[in-house]
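Take a look at the structures listed below.
Shared chain: chain A. Partners: chain B in the first complex, chain C in the second.
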Partner chain A sequence: MSESLVRRHGLESLLAGMPGSPSADPGVSVTIRGDLGHINVRGNAEGTGFVKSVEQVLGQALPIRPNTVSAGQHQVFWLGPDEWLVATPSGVAAELAGRLKHASTGIHASVNDISGGQIALMLQGPKCRDLLARGCTLDLHPGVFAVGDCAQSGLAKANVVLALVDDKPTFMVVVRRSFSDYLYRWLAHAGSDDGVTFRDA
Partner chain B sequence: MLLIECPWCGERAETEFSYGGEAGIARPADPDALGDAEWADYLFNRSNPRGAHRELWNHAQGCRRWFGVERDTVTYRISGSFRLSGGVGKRED
Partner chain C sequence: MQPQRLPAGGRIDRSKPISFRFDGRKLEGYAGDTLASALLANGVSIVGRSFKLRRPRGIVGSGAEEPNAIMQIGKGAHAQPNLRATQVELYNGLVARTTKGWPGARFDIGAINDLFGKVFSAGFYYKTFMRPKSWWRLYERIIRASAGFGRAPTEKDPDRYEHRNAHCDVLVAGGGPAGLAAALVAGQAGARVILADAQNEFGGSLLGTKHSIGDARADEWIARTVEQLAALDNVTLLPRSTVFGYYDHNFLAIAERCTDHLPEEERTGVRQRLWRVRAKQVVLAQGAFERPLAFCNNDRPGVMLASAVSRYIRRYAVRPGKRAVVFTNNDSAYETAIDLAEAGAAVVIVDSRMGGAGSVAERAANAGISMLTGHIVTDVVGRRRVRGVRVAGWSGNPSYLVESSIRIECDLLAMSGGWSPAVHLHSQAGGSNEWDTDRLCFVPGAATQANVSAGACNGMWSLRDCLREGMESGRAAASRCGFDAADVDLPTTRQGHDNPPQPLWRVPADAEPERCPKQFLDFQNDTSVADIRLAVREGYRNVEHVKRYTALGFGTDQGKLGNIIGMAVLAECLGKSIPEVGTTTFRPAFTPVSFGVGAGENVGDLYDPVRKTAIHEWHVAAGAPMENVGQWHRPWYFPRDGEDLHAAVARECLAARQSLGIMDASTLGKIDARGRDVVEFLERVYTHNVGKMKVGRCAYGIMLGEDGMVLDDGVMARLGEEHFYLTTTTGGAANVLAWLESWLQTEWPELEVFLTSLTDHFSTIAVVGPNSRKVLEKVGCSIDLGKDGFPFMTVKEAELGGYPVQLFRVSFSGELAFEINIDSGYALAMWETVMAAGEEYGITPYGTESMHVLRAEKGFVIVGQDTDGSVTPVDLGMNWLLSKDKDYLGKRSLARPDCVRSDRKQLVGLLSSDNSTVLPEGTQLVEVPDAPVPVPMCGHVTSSYMSACLGHPIALALVAGGRVRKGETVYAAMPGREPLPVTIAAPVFYDPKGERQHV
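Right, the complex of A and B next:
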């Protein structure tokens, strides 16, 4: 058993089947971020020192206000009053998860490296909001959903974490790996009029 | 479609939620002491009011929290949401 493990995001075959010359000025360009690690962190936000010890390891704030993201060395998404998602380069995710686990020893908390179960798609371009609105009930108007906001919702019925990263606009969509093939196909179909293009990170 | 206010996430579309039935039904402290009729009453009988109804909802596609909603069963008008504490159905005031 000396096979070497290769990290794959699982959408390679779909990407390979894309038409040869993507449009030069796409309305939406989708970047598949298979290079990100995902860590689920749960713990009590009030008392117990959980927030403090996690923040010390992360080197940045844990967002306490619902549906916001703390951006820094990592991206930390609020998922619930006692649940967060840390997205970070996959090379450091396992080590970071280990340090988080160590820091929360003796505290009622849980840290799980779920990098293998999720995948992030970055949507960029002038038609992003139009495309997302076709499959999502959230109001994504810039006056309502601002940079630094995130939300969990359904995109074409798939459960996703959605965040506005910058006002280009760039949206980050985190989806379960098992739904990524479906979501890729949905984006390709629903965005065909907008000249949606896909590429690897 | 209903717009339901999650106490954490704010107003979201009904499709993000799942329904959990009537709120405020406390599990009997000593189930062994109940007779069949009382146990059946706890399990199956609900108030089924015409008008204001306090019920449980779960923000299944969002923050996955259980919370309470007061909804009018005739008009479907939702008059408010509340967090649960000290057990499902207890009001946090």
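Right, the complex of A and C next:
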């Protein structure tokens, strides 16, 4: 693939339509991580050598405890007993997906580069939990949903993968591409009292 | 200017006068007033008219139980109908209108109804408006105009509402003494606490009272407790917030009124907020409602609940009358008498009990109050305002008829029929209620969820018991969440009342209820004792039926005032006990909730997600109207130079047939399927021979439900020996994936197959028409696109214009066509690249409408349009897709006798005999147009279009036994015009041999 291809995350025109000079100290700042690639990995965590071969390629652990994230060179999200999401810079996603496919040859596994199908948003700021609470039914209290936790849930009327990245706090919200325009509008509306701002990575 | 305002006291701020309008009159109150207290301060006695009889009505209560003072608040789009004046905080510029009575509540023409009160008895509507049947529309208009409280604004609601999810260890509903104590104990133990209270300030019934708690006055204790709570990070305080619903799994709903108490020009941000709370433990502390007594004319303005009178005096410094009679069957109203006396009113207590009250009687006597024990108020004198009451001696015999009575002059009657705990939330949660014969009320029985009732809502009347139960329940709730609460000493408070209440509901009069002035039970619905008795005479026995026949407990107050005495009267009529009769069901919402807060942010653009493809913006810029397909927005057609739909579609179809069209097909469902057993799995869910497909081949496949009916269809491709790519219909994508997963996970877990959705990852661009190969070659493709190098129904990985793509040689139009699957991040660039390259061929983007026409010309069905869940593949003529060599889902159902009937509706083509009429989709087909009605129908039109390339209309239809009827004529029945003869034809209208796609 040519290196010169420019990816679009699809929210460019919404960003361009934002009012100028966002407040310096927003309650929530949303960063659109169009620069992240996404790889869906499926396999059996038990017994087949799948975990070992995947971990060798990733260079980090595959989270086995439900609803947790392994952070390292990549961020690996537990999605289900046999399903994970690997987030990594989009420039290397295709190549990483290829190596994962190769490593799992002969093992019951499935690796799909789904970079075009998902968008990650990073929400940061003191009002993050307030904003998320307007659309998400999960308990995001720091004592309940801690750094390194993730979950698949709903945010407003979109399905998302949600993770707490750090205790600033920074939340990562992964949404399907076709729902991202809706979710952007919802965040802008629901967060308007909290001075929500948006920017590109 | 405020004749009934006391010179001192109360929790109002006399330095902040507030002006407001009531039915056009300019009035003044103070900060801290409710609309009700301000109206009383101004001496307003009539605040509405009753529902049926249009009797003048005044303020009765001081909270959620208020049945009469239902107001329209605010102007224009901000207006709110249906608010209880007792719960509306006064603000500058408030505009309130009464909602009953024409031309107004003070003088109402409808009051003539009262003269015919006997006619307007229970079941009046059912008896009166039934005949003649054809007049119902007229009746309904009149009933609707005269019914209801207020008018919904017709303008778009300009305010913002929001929803908010919350979780806590302990939710405390109600911020009176019990609730405050519970929240403080639980909060100090470290539990996450939410304390919600409907009023503007915490304290509940304690606000403004003379009680002392320990060394503090009541108001000081409240302030101190609230301060302690506010200092705790783990406590969320929600004033102006009504816990209105208690649902399963300790899920509760709270309506918070954020800005309704502010002048309209000062309101910013969210107006109301819906809290959706998941609580580990719930403490219910919403207090109790005082009950009225059912004596004659007990609805006259100036008859009030005793506790409300006390509250207006103590909290709002309003004395609702100068000469008062307090009529009671229990001790608590004596406090009201004392409050009235201290406020300078002349007071007489009429106590139905021979023995009178306990220790409070002595304090009343010391206050100079005269007491008549063993007496009852039998009737009220005065129409627009209480002018006096009739009082008679009574021995406690319920069937007693009054022989002589004395008249006592007064302008206020404070009544107390005892207290009923607010068991609403406890009951909504599924908890039972038990009748307490000593306290004469239903008290909460066993809870079915993690909740406990504390204080007055548990039947505890004394402040000391309320505080004790609050502390105990707060401690217990915190402890069940793993928090240890420190011991707290119960502060000393005055002892409660000692003499028990007397059972007294329907108050004896000088005649039976049918022959004496009305004794009201439910003020809002004009339900009287006589109505309940009538319902019983007419055969109603069950309390739920009696409720619906008499309207007892309907309306905005939902029987908070009248239900219990109504049920007591019903029990008396039936000769049963009150617990035998039972209560009606308690349902959310506790008090009315606005539509706005229910909708929250799910309005306008955000009502439902709009899914957009990666090329969406291009379509919008090109001026394409959008069509909803599931949640997707798809371009419908691309009008040029003022074209209408038909002109644009004709042009688009011709372009695709003659040169080059392009369509965004990204919304197709896409599934990656792989694993050792993928062939076996797909053999079971598709009807054709999947295993025979060679790598690199595509095939059209259908899947059936277990009933043999067509479930979904799409092209699939074999990408490797153990690797397939499946497509589904746009609308079916999520359901098909869930359907396949459910078979894999629950029925066939032994199959090693993984499914992954690629719907959003790949965008799909269909390049269609005789010049499609040329344009792709011009863009630059890494593979040979020739007929032999890349034959029809194959798939290849390729690089196209520098982008990695999956290229399919498939066609949904019957033309030479390619479908490009590309990473959505590059889809717009690819679309624009192909558009630019296609310019020389007149490349024409087309939308869903042309796609439908093109496929219908070829007889390709759309699942969900030409099928409806009752159509088998045989009905569609797809026998060739049904493998005989294997089993698959739905196969056995196809052998059912009903599925092999020869007269099943089968897919056919239809041609209009006039060669010009485009049949409306859904048109019914009949054999004999002039047969007597009901005319037997033999089929219906499923798809119908004008075909530009054929020059005449075409339709697809399902016709009984249609496959063998080619050339026969049936009739299309269309409303308002003559049945049109139509000829049955083969469903493939264009290029029946399929030569055009094989080039």
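What to note about this one:
Basically, the second predicted complex is superposed on the first by the 196 of 201 C-alpha atoms of A that agree within 3 Å, B and C clash if a C-alpha of one lies under 4 Å from a C-alpha of the other, contacts with A are read in each partner's own complex, and residues count from 1 in each chain.
Rule of thumb we're sticking to: a contact is a pair of C-beta atoms (placed from the backbone, for glycine too) under 8 Å apart; a residue touches a chain by one contact, two chains touch by 3 or more.
Predicted model, so just to flag it, every value in this text is computed and none were measured.
In the overlay built on the shared chain, the residue A:114 is in contact with chain C alone; chain B does not reach it. Put simply, more of the residues of chain A are touched by C, taking chain B and chain C as the two choices. In the superposition on chain A, A:176 makes contact with chain C only, not with chain B. Of the two partner chains placed around the shared chain by superposition, chain B is the only one that A:151 touches, whereas chain C remains out of contact. Once the two complexes are laid over each other on the shared chain, residue contacts for A:137 go to chain B and to chain C alike. With both structures placed on the common chain, the touch criterion links A:40 to chain C but leaves chain B unconnected.
Judged by the touch definition given at the top, the superposed model places A:79 against chain B, while chain C stays out of reach. Once both structures are placed on chain A, chain A residues 137-138 are touched by chain B and, in the other complex, by chain C. Listed in rising order, the residues of chain C touching chain A in the complex are 162-167, 192, 269-270, 276, 278, 601-602, 605-606, 608-614, 616-617, 632, 672, 674-676, 752, 754, 756-763, 802-804, 822-829.
Of all residues in chain B, only 8-10, 12-13, 15-16, 61-65 touch chain A in the complex they form. Every residue of chain A that touches chain B in the complex is listed here, in rising order: 66-67, 79-81, 83, 137-138, 151-154, 159.
Those residues of chain A that touch chain C in the shared complex are 1-2, 5-10, 13, 34, 40, 42-43, 82, 90, 108-110, 112-118, 130, 133-139, 141, 144, 156-158, 176-179, 181-183, 185-186, 189-190, 193.
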